[in-house]
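One chain, chain A, appears in both complexes that follow, with chain B as partner in the first and chain C in the second.
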Partner chain A sequence: MNKKNSLKFTLIRGAAALGIALLVAFLLIIVSAQGNTFGAKMSNSFAALREMLISPMFRKNGSFSLKNFCDVLAGMIPILFTGLATCVMFSANQFNLGAEGGIMLGAFVTSLVAIYVKIPGPLLPIVAIAIGALSVGVMMLIPSVLKAKLGVSEMVNSLMLNYVVMYFINYLMNSYLADTSKGITQTYPYQSNALLPQMIDNGSRLSWGWAVGIVCVILVWLFMYRTRWGYSIRMAGINADFTKYSGMNTFLIIVLSQVIGGILAGMGGGIETLGRYTEYNWSSLPGYGWTGITVAILAGNNPAFVPLAAFFMSYLTKGCTLMATNAGVPAQLISIIQAVIFIFFAAKQFLSGYRQKLVVQSAQEEIAAAKAAEGGSN
Partner chain B sequence: MVTIFTTDFFFSIFRIATPILFATLAAVIGEKGGVSNIGLEGIMMISALFGSLTAYWTQSWFIGLLIALIVGCGVALLMGFFAFNLKTDIILTGTAVNMIGSGGTLFLVKVITQATEGKSLASTTSLITKSLQIPSWNIPLISSIPVLGKVISGHSILTYLAFLLVWLTWVLLYRTPLGLNIRSVGENPNAASSVGVSVLKIRYITIAITGVLAGFGGAYMSMYYAMGWSLDMVAGRGFIALAAQAMGAGEPLGSMFAALIFGFAQALGIKISAMGVDSNLVAPIPYIVTIISLVIFAVVQRNNEKKRHSAEALQK
Partner chain C sequence: MSEEYVIQMNGITKVYPNGVVANQDVEFNVRKGEIHALMGENGAGKSTLMKMLFGLEQPTSGEIKVNGEVVNLSSPTVAISKGIGMVHQHFMLVPSLTVAENMVLGMVPTTSGFLIDGKKAVEITEEYSKKFNLPVDANARVADIPVGMKQKVEILKALVRGAKILILDEPTAVLTTQETTELFHELKNLKNQGYTLIFISHKLNEIMEITDRMTILRGGRSMGVYNTSEVDEEKISRLMVGRDVVLTVEKEKAAPSDTVLKVRDLEYVNEWGKKMLNKVSFNVRKGEILGIAGVEGNGQKELVDMLFGFNTPNAGTIEVNGEQTLGMNQHQLRERHVSLVPEDRMLYGIAADGSIEENILSDRCADPRFNKGILFDMNAIHEESDRLIKDYTVLCKSRDQKVGMLSGGNIQKVVVAREFSNSPQLIIADQPTRGIDVGATEFIRKKLVELSRSGIAVLLVSADLNEVMELSDSLIIMCGGEISAYFEDTSELSDEMMGRYMLGIAHQTPEEIRRVCHE
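Here is the complex of A and B:
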């Protein structure tokens, strides 16, 4: 297939997957919308759909809503990082699902540094986030080394670690770290110089962490597509036997890809918590790891497309939140939409008939062009 | 120490191990057939929800259980369609089902209860009453044996079924033509196909069986163990089952013992937290046990292989 048709197919396939997901969403909205008559139900459904698709960007009167848009951008921050983390790990064919626990641990460790370690000025958040990120990198040594050395499933181990991390943090919070003067379980506030500066200070919590995230996207892309190690990681995902027999260090590839993934997830946790909150209060897994997997699938495991995919997911999440507040449809609809998009994007044979047609068409065009060229030379 | 290991304690091991055992048997059959169903967690959540709701609507635990099985089977077949026909990676298909199992079920329960009850519940725990609970069975004669009777009598009928299914799974896999086909498709689909086995059909049957078994697990969770559905109630049991399958070397009997180890770990955790230890400290025990036991299993297996290799080398 030539480049033009290949692009055309990718776009149409993506659009079809999104279309199906929105259709499913709309059907579920109709089921859940209030209204006694059919007409009332339909108008409520359309109002809900409008909230979901348009409100994250525009107000009721059609003008651009900067506040909502900033909310969407701010919502990208954690999933940019978990998305990148998942990209790197899945590229090496390592189905490590630990970004979920990783972002929680990263946020927690970063918070501890931000509360208790006295470091002057802007050095504090940098050190705090770095330590948070490294701690998750170390955590990922567990599933990755066990996989590389003993062949134990990294998937099961990383899932188990998510739960262990959550309970461990909750234990430390309940027993030692909680600020007991507060009604809910939360830590003491961060030192004021730990907080990340905001890009636009309108309450959206759009911190400069967003820009750091974009820089990370570029760095990870450069690493994956312009360095020897990145090449090895991708090659391990495409053909593990090839990497082995061509003498690449498979042990290091398996460990490195997951440790990098852990560092990215941990960084996301640190940046999210210092950019959005003034103290740590997560008591359950935040779900950003799972959204990160969706982001990575939407981006086709290519870091370059992660920002777009993260924007899309953040937009939908914001839309669902607005829909829940203003139209009474439960916000958890996002999980179902996410799963449907996800499964169609990952389906290799989805629209394969159409793909076949395009391949034939390009081949015929090429033959025709070749014939024309022959005819011209005679 | 004596206060921990009471008859109640050993009773609770079986009670706790039951849903894990159902899911483990699903994992065993799935892996034998080359279908790694990591969506067991999600299927259990979805089955648990629909089972408990149907039981409430029809006021019959039996119909609730039946619907839970049908829903489990249906979700599994849908997974099969995506995995086998549309060629979505089976791991990703399972992940999608788990997403729906987590947030999606909460959406559904809000919508459904709002539609039928005029209020949106975040759980169905108030709906399953004692009369809708899956019945338990006091085994005659055995229940009057001291100590042992208290441990193995009086469980839910599903608990007895789960242990019966361990044997039935073995029979299915090793004593029936279908089991032979499942194993051959799992081991070498091309070879199976070359002798006329419909690989696609066998894979669909395999995944459907995993769905039904996970459905049993889900029904047990919401209609016996927890008396109602609540968010993330399965809490990783579907994943622990995958570990139990690996620890049991993929065989029904070994995997059953692995599931019992998890039951033991969790029962111990509950006992310890009842003695005043922070529950957050004991709740992760089953997950840590999973990791450690997977490592031990891998090391043992590796050593066995080494021994076999050296024995073979000596014979030559």
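Here is the complex of A and C:
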């Protein structure tokens, strides 16, 4: 297929997947909308849809809502990192699902440093996040080395590891670390110099961590497309036998991709917790890892598209929250919409008939061009 | 006119999802009761056409008629119900079941509704075996019977299912001469009983011997239909290949010097306990091409795997430039300037979804020439890929084009461009021109000769007799995991003589073979 048709197909396919997902969402909104008459139901549904699609950016009177928009940007932070983490791991064809536990462990370890280690000034958050990130990198050695050495499925391992991490943290919290003066299980507060500065102080918790996230996008892109290690990771994702035959270190590729994924997820956890909270209180998996998988798939495993995909997912989440508070539609809808988008993007055969048509068209154009060239030379 | 055709395939075009145009407006008509040859080089589109006739693939456009009626062959089940049967080149039999059990697979006779009636299965097998004069041993396990009998089982399997039209995909490729003669006798027999046979092959002499008419394919297009009695071998080869000249590569006499590759007493027993390599020893010297000829499956694949670190032998030694390389991985071997053009280029040779540039970069991505600090030097990489694309005349739109989108010949050019250009001292070329077009074949062969004359040691493994005889300075023949002959000079060799050694009819003395070690 030529470039033009290939781009056309990608765009149409993406738009179609989104369109169908929104259609399904709308049908579900209608079903769950309040109102006794059909007319009331419909007007409520449209009000709800408006909340979901427009309110994250604009007020009722049509003016730009900086607060809501900052909320959307702040919501991007954790999924930017888990999205990048998943991108790197999936690029190597390593289906590691440990970004979920990774972000939780990263947040937890960062929190411990931020509470208990006395480091002066702005050095504290940097050291805390770095240690949090590295701890997840070490955690990812478990599924990756097992895969590289023994061929154990990294998918099963990393998936189970999420729960090991979660219950281990809960155990430590409940047994040793909880601030018993509080009603819920949470740690003692972070030292004040550990908190990340906010970009805009309007209560939306948009910390400078967002900017760090964007810098990481650029760094990860450079790593994947402009260094030999990133190149090896991508080639291994296409054809692992080819990388072995070419003399690349397949063991290193498997381990490195997952350790880097772990570091990114852990970093996301540290930045999220120091940017948004004043103490650690996650007692269950936060869900950012799962959303990160959707982000990576939406971005086609290309780091450059991760901010876009993360923005989209964050926007939808904010929209659904607003819809739930202002229009009485259950917020769980977001999970359904995510699932529908996921299904259509992940479905390799979705619109394959249309793709085949474009392939045939391109092939025929090429044949015609070749014929014309032949005719010209004779 | 049309009623005499049992099969009419009109205007068939097939575009695969990866964009490869395998068939283009092909006409293929078969008369009732004839043996019709479908000829063409590897990659000419024969298999694709037959897959569509057997319902394994669907045409992008065009129509298929069976007995004058337009049919939609959506699956092999439909094709079988229309009386079309296929004997695959790689047998589709269950090795652990008996011949009779394989025969009735999918249509198992039962007693009282659910128990398999083994006796009935044997009866059916023996009945058909007798009727068509295709002797098989109904009670033997398929794993234990010889290749020739497996093929008979395949043919009978199709006949039991009511096939009136049989597609035979390169049926002689796996057979010995005697078995081939026997098969031809049986095929003629079937023809006399009114069956229609489609015979896929690229062996000219067989086609001349057995077929009535032939359709020739080249590059996915039909080159016409001919009566076998009215064409000669030269004309067919011209139509198949597109020019009269038989490929000849001019080369000066080799002046071999120091030994580069030294293999001694290599032995290997595979996981099923079969001895695949037995005391294999040879040397390859600078400036010479040593060819390894032999029927496929006689240890060549295992030997190449050992040489390139994919497998370890049970005994023996391998040295490159005097250094023991056994147990080294591909990275270490490449550091010692060993290159491999792999037999299966799609599996090892390329990353199909990667660009041409990314495929060229693979063995040299850590080379300081292409790195500035931790980042790639993209300019140097672009320069290298553009240079190699030009030097190896890779037909493509740009270096960013996906390799998987190229034709087989151009894919192989990307592989050799990489393998030949990183200052190799030993090149192992395993089936370097299999299934690729004439232009690319000629180019790669010339390049191999050129490189060897510039002082590189070349080990050429090929099942293509013309190729090994044409290119090799000296030649060994492998049969049953052993070297059965060594010829210091290939110029006086004849096909017949090589055939005898390849099939194990003749065997040189150990002393004669030992000469290849140059000691």
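Throughout what follows, the second predicted complex is superposed on the first by the 358 of 378 C-alpha atoms of A that agree within 3 Å, B and C clash if a C-alpha of one lies under 4 Å from a C-alpha of the other, contacts with A are read in each partner's own complex, and residues count from 1 in each chain.
Just so we're on the same page, a residue touches a chain if its C-beta (ideal position, glycine included) is under 8 Å from a C-beta of that chain, and two chains touch if they have at least 3 such contacts.
Given the structure is predicted, the values throughout are model-derived calculations rather than measurements.
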Fit or clash between chain C and chain B when superposed on chain A: fit
Partner chain(s) touched by A:V359 [first = chain B, second = chain C, both, neither]: second
Touching partner for A:R234 - first (chain B), second (chain C), both, neither: second
Chain B versus chain C as contact partner of A:S43, first or second or both or neither: neither
Where the C-alpha centre of chain A sits as vertex, the angle toward chain B and chain C in the overlay (nearest 10 degrees): 70
More chain A residues in contact [chain B versus chain C]: B
Chain B versus chain C as contact partner of A:I142, first or second or both or neither: first
Smallest separation in angstrom, by C-alpha atoms, between chain B and chain C in the superposition: 5
Contacting residues of chain A [partner chain B, same complex]: 28, 31-32, 95, 97, 142, 146, 150-153, 155-157, 159-161, 163-164, 167-168, 170-171, 174-175, 287, 290, 293-294, 297, 329-330, 332-336, 338-340, 342-344, 346-350
Complex contacts: residues of chain B adjacent to chain A: 38, 82, 85-89, 91-93, 95-97, 99-100, 102-104, 106-107, 110-111, 114-115, 120, 235-236, 239-240, 242-243, 246, 278, 280-281, 283-284, 287-288, 290-291, 294-295, 298-299, 302
Complex contact set, residues of chain C against chain A: 15, 17-19, 21, 24, 60, 308, 329-335, 340, 342, 347-354, 358, 361-363, 365-366, 371, 374-376, 378, 405
Contact set on chain A toward chain C in their complex: 1, 222, 226-228, 231-232, 234-235, 238-239, 241-249, 352, 355-356, 359-360, 362-363, 367
